[in-house]
Every structure is written in structure tokens, then in C-alpha cells.
Amino acid sequence: MTLKSEPVIVNVGPQHPSTHGVMRLRVAFDGELVTDAEMIIGYLHRGSEKLAEERTFTQVVTLTDRMDYVAAMTNNQAYILAVEKLAGIEPTPRGVWLRMISAELQRIASHLIAIGFLMQDLGAMGTPLMYTMREREDIMDMFELMCGARITNSYHRPSGVFQDAPPELWPRLEAFLVEMPGRIDEYEQLISGNEIILSRMRGIGIISPEDMINASITGPMLRAGGVDWDIRHQQPYEYYDRVEFDRPIMDESDNYARYLVRVYEMRESLKILRQCIDQIEPGPARDPEVPFVIRPPKGDAYVPIEGPKGELGFYLVSDGGISPYRCKVRPPSLLNLTLLREMVIGLPMAAMIVTFGTVDINMGEVDR
Amino acid sequence: MGTNFLDNSFFRNIYCNLSKSDDIRCSGGGWLGDGILPAGFEWLAFLITAVVMAMVLINLVLGSVLIFIWAERRLLGRFQSRSGPNRWGPYGTLTPVADAIKTMFKEDIVPTAADRWVFNAAPIVMMVPATMVLAVIPWGTGTFLADLNIGILFIIAITSLSTFAIVMAGWGSQNRYAMFGAMRAVAMLISYEIPMALSLLGVLMLAGSLSLVSVVNAQDVPFILVQPLGFLVFFIASIAEINRAPFDVAEAESELGAGYHSDYSGMKFGLFLNAEFMATILSAAVIVAVFLSGGRGWSFIPSQGWFIIKMIPVLFFIVWTRAAWPRMRIDQILTFAWKGLIILAFINVAVSAILSFVWPDPTMRELWFMVAINFGVLIVSVMAVGAWFGPQGASAPNMSHGDALPRPRPAGQPSGGDS
Amino acid sequence: MIGLGLLNGLIVTMKAAIRGPVTVQYPDRRVGLLGAARELGMSPFQFLVKRPKDAVKAAAGFATVEDKIAQGPRFRGQDFNWYEDRCTGCASCAKFCPLGIIEIVTSPSDTLKSQGEVYNIDVFDIDIGRCMFCGICVEVCPYDALHMGSGFELGTYERKDLVISVDALRTKKNTPSTWFRPQLEETAYNPHSGESRPWTEVGRHEQPTDEELNERWVDER
Amino acid sequence: MNVAMSGSELADAIREIDSEAVTDQSDDAVWITAESWPDVAASLRDSEALSFEMLSLLTTVDYIDHFEVIYHLLSLSKNRTGVVKIRCGEGRIDPTVPTAINVWRGADLQEREAYDLMGVKFEGHPNMKRLMLWEGFEGHPLRKDYLR
């Protein structure tokens, strides 16, 4: 005998504690199990791409901050790289190193947020979140030293960064590099071996790597599926070919693998930071000849970079004017959600929330 | 008659002041002399004393709820590298009072679609078991409302009542999240009553009585030492019974918002919160009475003081686990109860039965033998059960250094449109 | 072994509890008796004897110590700093503001010798309510007249109070942020010290004298 | 190191699949006809020599007199990128392109977004609904003639 129950349709979101912003999932439940899920987004749509068409190339930097607001530096970087390719601007070496330093710091900050909020989704009463926020605060303080803002940085400029890092930054960064590995070990001690977390995250939310590649899923999610794809390594931009780092790869492709890959990536980012500090050379942080108002020649440019959440890129079209004719973002958060429905069907509600958390989306970037 | 509340000097005085009882403990009357009520009115004296006791105990527990809320928030803050509430009053001690005042003055919203009667009755029903359990707990020598000879059974029976309240809240709210929370809570509470009751069987075999007062009196060695496995199972089960982390799936704020009390506001929500914290304190009290030898201890501290001192580490541990561990999933919680705890409880029952058959009336020396054997059983059985269905250990990612390109894979088949 | 991971979690949280809080309690921090004594540089016993009233207050948990997190000198804050003496009214800031929240109205100045080169600023409204503190107005200012401020607690009760008027800019004490002003950083200036900078010391270049202005004026004609 | 396939290289490869597909080519991109796109896309993904497994980015640009749909393709196994462009909607009339969702699942949300904001229809998409904006929103905001 089988019992048939009526499906219950529940709106998870847009005001739900675990939707990482304002996302809405219309989920059909059979008891506790998800039988269908529909993603409804757009609650944070601000039309950044349209706004970019009315601003000069440098002014658009401020818009990119607000797309993925927990990884503003990498957004700046992706945009500036596209502008430089479009306009044929050669960046100054010190500017590039500073961009790399800020981007790697931002990657750590973003992964800290991802891990903290994932643990929040698992119901950990905010303890891991508080710990990760504590370390993120260090990074935010360093950003404040570098560019005077903590979240909406607007630090990068065509040909470098707007201002050289202050001398106070370097001892801060040094202390951070010394302290951070121990902190990461602490998270691992708190989280990685915990039986509750293991039983809740292992073997859940599995997607095959073939499906992920086919669905344009990139970043830590793809690497957790056993695909060694890191744009920093395969298609080095900036000076990533001058630093050495490993890519953590896991074959399980489940929620736990996605979490662990992020933890190990933070360690690799620390390695990169150390090498950046060793290799940074004195000189101007930007080319003073590059004007504020750039007029790139007609054409288009797309530069993908490895953002914290996946392949992040800006596709810019110029008509020779002072503002982009078309500015299109490749949002890793949005594309990583492509297979969400397939991932969550058949899972219990709690596992659905966790699976959603391991995708590590940011609604500012999903909706733009 | 064994013990009754007349062992407590405070209540004895009240009673003896009122009645002309010929009880031997009342010889010489109370502080004020002989009883003021005429003979034949002993029942009235008894009633008044009982009401006074009930008032004192209930208000003390309610007051301790405030202290516990404050302590929990401070402790959680400390565990999370924060400082916790520290603005209202010295060290933030008035924060729960401020919260209570705020809760009272909040607007009381009843959702339009709600089943009004059920919705309004749920918080009251929720308070019932919490206050009723209070009756049988021996807070110290002679400090109890009733020495029921079925005390433990009474506790297990009464705590099940909170299931009704949770279902009423979930159903009455007409909210799907609340319903989810209620359904989860029912499944969990019913499952965990079984290991909870089973884990007490060993204690009953040793104590030979269901009365909590007798259980306390039987503990020459605290039963946590003689019954470590029973304690473990009972502790886990009682955390689950009071819906606290890591078993707080009924509220599960990251999944269900606030679970079964999503739609409650104002004082109704306050009642839910109060009942939960009262349940926490009372379950700590039950643990102390059953496993930590109640109010027994060296006589330089009164027995009530010992009872409270012993409750503190239990409550501290409950808060500590809340800070450290994430929530379990509902199906895993049920698996854990049925596959893990019940088996452990049965092992405990079997071992206790054998031991009490071998040593029907254990001497101190034999008790310590039992302690050693039971701890061995604890370690072996927990490891065996853990190996049976516990999660496997963590694995580390492989680091790829070389220039290897990703393995070529066939492109996947599209799995149809979204939604 | 099962339970080891759970135990590890307990150990980590206990370590954090022993290390103590890392959060900053803005604007002041409640300290106990020991903390208050440490702030005053006395031993708790000394404190009890010398200042019993304060000691009782501290023991009851009412003693407070000011607590502020150190901000970077580049912090892009709320109150803009504007040097009228440097401003020519070119309105670059208004032009390049991505949100268009700066309104400038100028009129030719009669008072200055170089009439026509420096303008009177009649209106210089910055609508802080819509500002996103990107600092582009500061970046494009060719005369280093506009600077970011370093304040962050200028909450108001009405929206219209969020508009900074030219009079407010004229009268406020100028503690410019060093954002996009390397010349200020070179002098190791920290705006959070409360020290203000006169207009002569904040520029990338010296203000030309009247003679120089006259010459240039003639030359460019 | 990344090898961006030059336009001529890619054009040759596409001509092998469908001789009439290529209409134009530049240094880094190839323009093909909309009709040939489903076959070309499937071959681009499946052929051993190209194996573009991932659709990295789908963009639409409004060029006033026509629309252009731009596909940035990525081959993980070969570490190569290629750009394929399709002109559509000449004279701003009814821009339509066959969907690529059956070849690359990643086109799903990107095509919905392109339809939502630019108004390019993707024929054969099973769920051609607005993504960012609400149902009933009029117009397509990223078009150059969209007025607020």
C-alpha cells in the first residue's frame, strides 16, 4: 500500500532567511521531499547593464562594485581588464600586483562569507559565521586602508589602481598571512570533521561534471566535481603566470566537496598573496597619462577571470564614445543556478537549503 | 510515608503555624507558636501551604527563566567571540526584562486565515506541561509539591503534552512553514519518548521506585556513574524533547523561519518562548534529580543550593552544544533515535538487568564494579553504533599542480527546460 | 571515532570564549571592576581605596570606556570637505558624479583680481542621501578643492537635512580624507586626529600669485 | 595559455559543418546565419577537433539597424575559446534565433535574460518567460529605443 499525499507548494523566499538575499523558490513538497522547484528572481534587478551605457568607462567601476557586493574587488578587476583590452591600455606593473593582491584578499573574504552563511544554513546558530566574519573584518580593514571603503571599493582604474597602497598596509597584510592559516585550521576543526555536518552534506546535491560543464557552471562548484578548470591557471590574466599555486580538486561533487574546495582555495590564495608581496615592484600604481575619460576604439572585448564564485567577465562593446555601447556581465552566480532544480529535486527541505547554500550565490550579481 | 514536604523547615513552619497537627515534626508548632486554625482544618493548612509552595516554585522557575535567557545570550556571545547583551542593567542582566516588557506591549496579531480558537489556545497548552512537571521535581530535601509514586512516569507522560500545543500552533496558524515545523516536532517528540523512557529503566532497577524522591535517596553514588549509557541516551533525548539545538528542527530558523510559532507575536510568542526555556530548566532539573543525585551533597550548602549548583553545568552544556553544533536533519534525527538511541537504551537495560541480578542489593564496592563495567559498555556500544551508521571521516581534496588540462568528457544531455 | 568531530567543535568554541570578544562596542564599552582599574592604570585594590564610588559603579557594570575602531586615513566618509579658496567653480565634480547629485551655480566674481577665472560659488549642494561615496568627484577635481570627509555618523531626521549646502561646506572644520590625495599622505596626515588642514596645504600645486595669474591670463589670450 | 581561435580558423571549421553557414568573419569572430545555428552548435560541441563543451557567455547587442547574438564558446579540454555571432532582426523587426538549450544547458537562463532585457526570441526554448522583470512588463529595457 502506498500513501498518496497532496503536494504542498511553498514559497521559499523572497523574504526567507536562507535565500541569501531576495530570491524566491516556488517549491512543491511531498511531505518533506522536494518534488519540483522553480526559481523566480529579479527582486534586486537594478538594470546595471543599462545604467552602464550612460556612464563613462571609469564611472562604470562604481556600478561593478554593486553587482557582487561581497566580491567588489574581483568585479572591479574583471571590468578593468575588459576596458584595458578594449582600449589597448598597458597597466603599470605595480598596479597589476596591487590588483592581484586585492583580488586574492577579496577571494578569501568571499569564501569566508560563503562558508559562514553555509553553516548558518545548516543551523549552526551563527558561531562559524561570527568566526568567518571576524577574519573578514581584517580584510575589510585592509581594504579601508587601501581605498577608503570596505565593501564598495571602486579601487581599480584603467592602467592600475587609483592610488598606491599605503605603507601601513604591508605589516597588516604580513600579520594577516601569518595568522590566517591557523584560523582556517580552526574552521576545519570546527566544521570539517563534525559528524552532523558530514552526515548532512556528504552525498547530497550531486551533479555530474558533464552536466556542470554543459550548464556553464564554473568556479569552486566545477572544481568540486573533479574538473581542473581554473582560469587563473589555464588562461592566466594579469600576472597569475608568475605565481605558483595549486588547484584543489575533489571528485565527489557533493555539498561537502564544494565546501572543502573553498576552504582549500583560501589556503592557495594565501600562497598567492605571499608571492605577490615578494614580487611586487616599486613604481607608479597607475599610468598618469591615461585620462579619466577614455575613448576606446570601436570594437568589443571579453575577458573572463576566475572570480570567487566562478568565471566572471565583462563583455564590452565600444562605439568610439566615452561610455560603453553595451556592457554585459557574465554572472557566475546566475549561471551556477542553472541546474538548481535538478540538484534539489528529491531532497528533503533542509538538504535543499544546504544545497542552495553551497552554490554560493549573491543576489546582487544574479539580478544585477 | 518516607519523605514529604514537611521535611523542609520553611514549609513545615507554614504548615505548623496554621494547623494544630499532631505530626511529630510539628511538635512545638511553628515560629509563631501553635496553629491558628481550629482542629479539623488540617486540610486547609495543607492546601494553603501547597499553594504557597506552588507560587514560590513557579515564580522561582519563571525568574530563573529570565536569568537563564540572560546567561544563555551572554554565553552564546562569548562562544561566538562577541560580548553579548551588556547595555541594560549591570552586565546586561536587565535585557530579558526589557525583552519581556517589549514582548508584552507588542501588537498581538492573529492571521486572518488562522483557526482562532486553536491558534489562541496553543500557547496556553504549551505552558501546561512545563508547569506541571514542576510538581514532582525534588528541588531539595522536602522541597517538592508532590511525591508521586509514579513521578518519572508522570514526567514522561506530561512532557508529551507539548506535542499537542505544537500541533495546535502549527495547524491553527494556517501557515505552511508552521505546519512543517509542527509535523517535524511531532515526529521527533514521539520518537524520542521511547529512548527517553527506556533509558530510565536502568535507573528504576537500581532505585527500585518510580518516585523521584526515592530515586534521589537511592543515589549513594550518582547514577551518572553507574548508568553512563542511560545518562547519555536520556540527555540526548531530553535535549530533543525540549527542541533545542542540535534538534531544533521544529523552529529551524534557516529553513522554516520560526517553525510552528512563525505567526505568533506579542505575549503569545512570549509564552512559547517562556515555555521552551522553562522546559529547558526543568529537563536540567530532571537530569540532576535522576542522574546527579539531586540535592545530595556536603551539608555546608543547603540541599536546594546543591540542586541549583548541579543544574548549572547541565544548562551550560546545553548552551555550549547550541553554540558549537549545527542542526541535524529531521530524517537523520529520526534515524538517530530509532537506530541509535533505542539500541543503546536496550543495551543499557540488558546490562543493568544482568548487573542487578548479580548484585541485587549492591554494596558500595559492588557499585564501583558496576561503574567500571558500565563505562566499558558505554564506550564499546557507542563506538559500535557509531561505526554502524555514523558518517565516514572527511577526505581532503587532491591538489593538482601540473599543466594538465581537464579530462575530456562527453557533453551531457540537456535535461529539459527550467520549471 | 564517532563524536570526535563534535568534541572538536566544543573545543574551538571554548577556546573562542576564553580568548574573549573581538567585537568593538561602538561608541563605548562596558567594563567591569578589573577593566576599569586597568583603564586607569591602577590595581583593582588601589582603585577600590582611592575612588570607592567609581569602583562600586564599575563593579555593578556601569563603567564605560570609549571604544572606537581606528579608521584608515583614506576612509571615504560622509561630510565633504571643500576649500572655497581652491575652487574655481569648474563643476567637474558635478559633471562626473555618476549619480548627478552635485548642483553648482556660479557667478563671475568681482572681488578677485583675476576676474573671470575664479567664480563665486552661489550654490554647491551635495545630496548625501543619494551619494554612494565613490569619490569620483574628488578624483576629477583639477584644483584639489573638494575632498572626501572622514565622518560617518551624520544621521538626520529629515531627508532635506541630508543635502549639504554651500554654507555648511564653508563653515565646517576641514579634516579631509587622504583619499586620492597623495600629497596629504606624504605629510603623514591623519584626518581622524581631528587636526584640520588649511587650503594652502592640501593641493598638489601652489596657488599661483596674482602676478602669475595675470601673466597666464595674458599669455593664453 | 589560452588560445582564442581566430575568426578564419573558426570559419573554416564551421564551413566544414555547413558550407553556407558563414556570412562574415573578422579577426576574432565569425558571423553565421540563424538557420544553420542548431546544427552548427551541435557540431561545435561534439566534434573532436573543436569540442566547445561550454557556452561561456551569451550576449545580445542592439546595433540600431539589427541585433546581434554573441556566443562565447569555451573548450575546456582544448583550452580554447571561440566567438560566434548571429545577426538577426534586420530593421529591428522580430529578432529570432534558434535556441541553443538542447546543445548547451547553460543557455537556458542566459536566453531567458536576453529575451527579457533585449527582446530577442529564442525559438524552441521550452520556457521563454521573462527572467528579471515581472510578467506584464512592457518593452525590453536594454534596447536602445527603450524610453523610461
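The letters A, B, C and D name the chains in turn, as written, and every chain counts its residues from 1.
As a convention for this text, contacts are C-beta pairs under 8 Å (C-beta built on N, C-alpha and C of every residue); 3 or more make two chains touch, one makes a residue touch a chain.
Computed from a prediction, not measured in an experiment: that's the story for all the values here.
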Inset, instruction - Sort the other chains by how far their Cα centres are from that of chain A and give me the top one. - result: B
Inset, instruction - Tally the contacting C-beta pairs at the A-D interface and at the A-B interface, and name the larger one. - result: A-B
Inset, instruction - Determine the centre-to-centre distance between chain A and chain D, using the mean Cα coordinates as centres, and give it in whole Å. - result: 25
Legend entry - CA centroid of chain A to CA centroid of chain B, Å: 43
Legend entry - Gap in Å, rounded to a whole number, between the CA centres of chain C and chain B: 52
Inset, instruction - List the centre-to-centre spacing of chain B and chain D in whole Å, with centres computed as mean CA coordinates. - result: 62
Legend entry - Sites on chain C at which at least two other chains make contact: 2-3, 6, 9, 12-13, 16, 22
Inset, instruction - At least two other chains touched by the same residue of chain B: list those residues. - result: 79-82, 323-325, 390, 405-407, 409, 411-412, 414-415, 418-419
Inset, instruction - Among the residues of chain D, pick out those that touch two or more other chains and give their numbers. - result: 53, 76, 79, 104-105, 108-109
Inset, instruction - Note which residues of chain C are touching chain B in the complex, please. - result: 1-3, 6, 9-10, 12-14, 16-17, 19-23, 25, 30, 32, 60-62
Inset, instruction - Mind listing the chain B positions that touch chain A in their complex? - result: 76, 79-82, 176-177, 179-180, 184, 245-246, 248-249, 252-257, 322-332, 390-401, 404-407, 409-412, 414-415, 418-419
Legend entry - Complex contact set, residues of chain B against chain C: 75, 77-83, 86-87, 89-92, 320-321, 323-325, 382-383, 385-387, 390
Legend entry - For the chain A and chain D complex, residues of the former touching the latter: 41-42, 45, 47, 49-50, 211, 213-218, 227, 229, 234-236, 241, 300, 302, 304, 311, 313, 315, 317, 325-326, 328, 330, 334-335, 337-339, 367-368
Legend entry - List of chain C residues in touch with chain A within their complex: 2-6, 8-9, 11-13, 15-16, 22, 71-76, 96, 98, 132-136, 139-140, 148, 177, 179-180, 182, 185
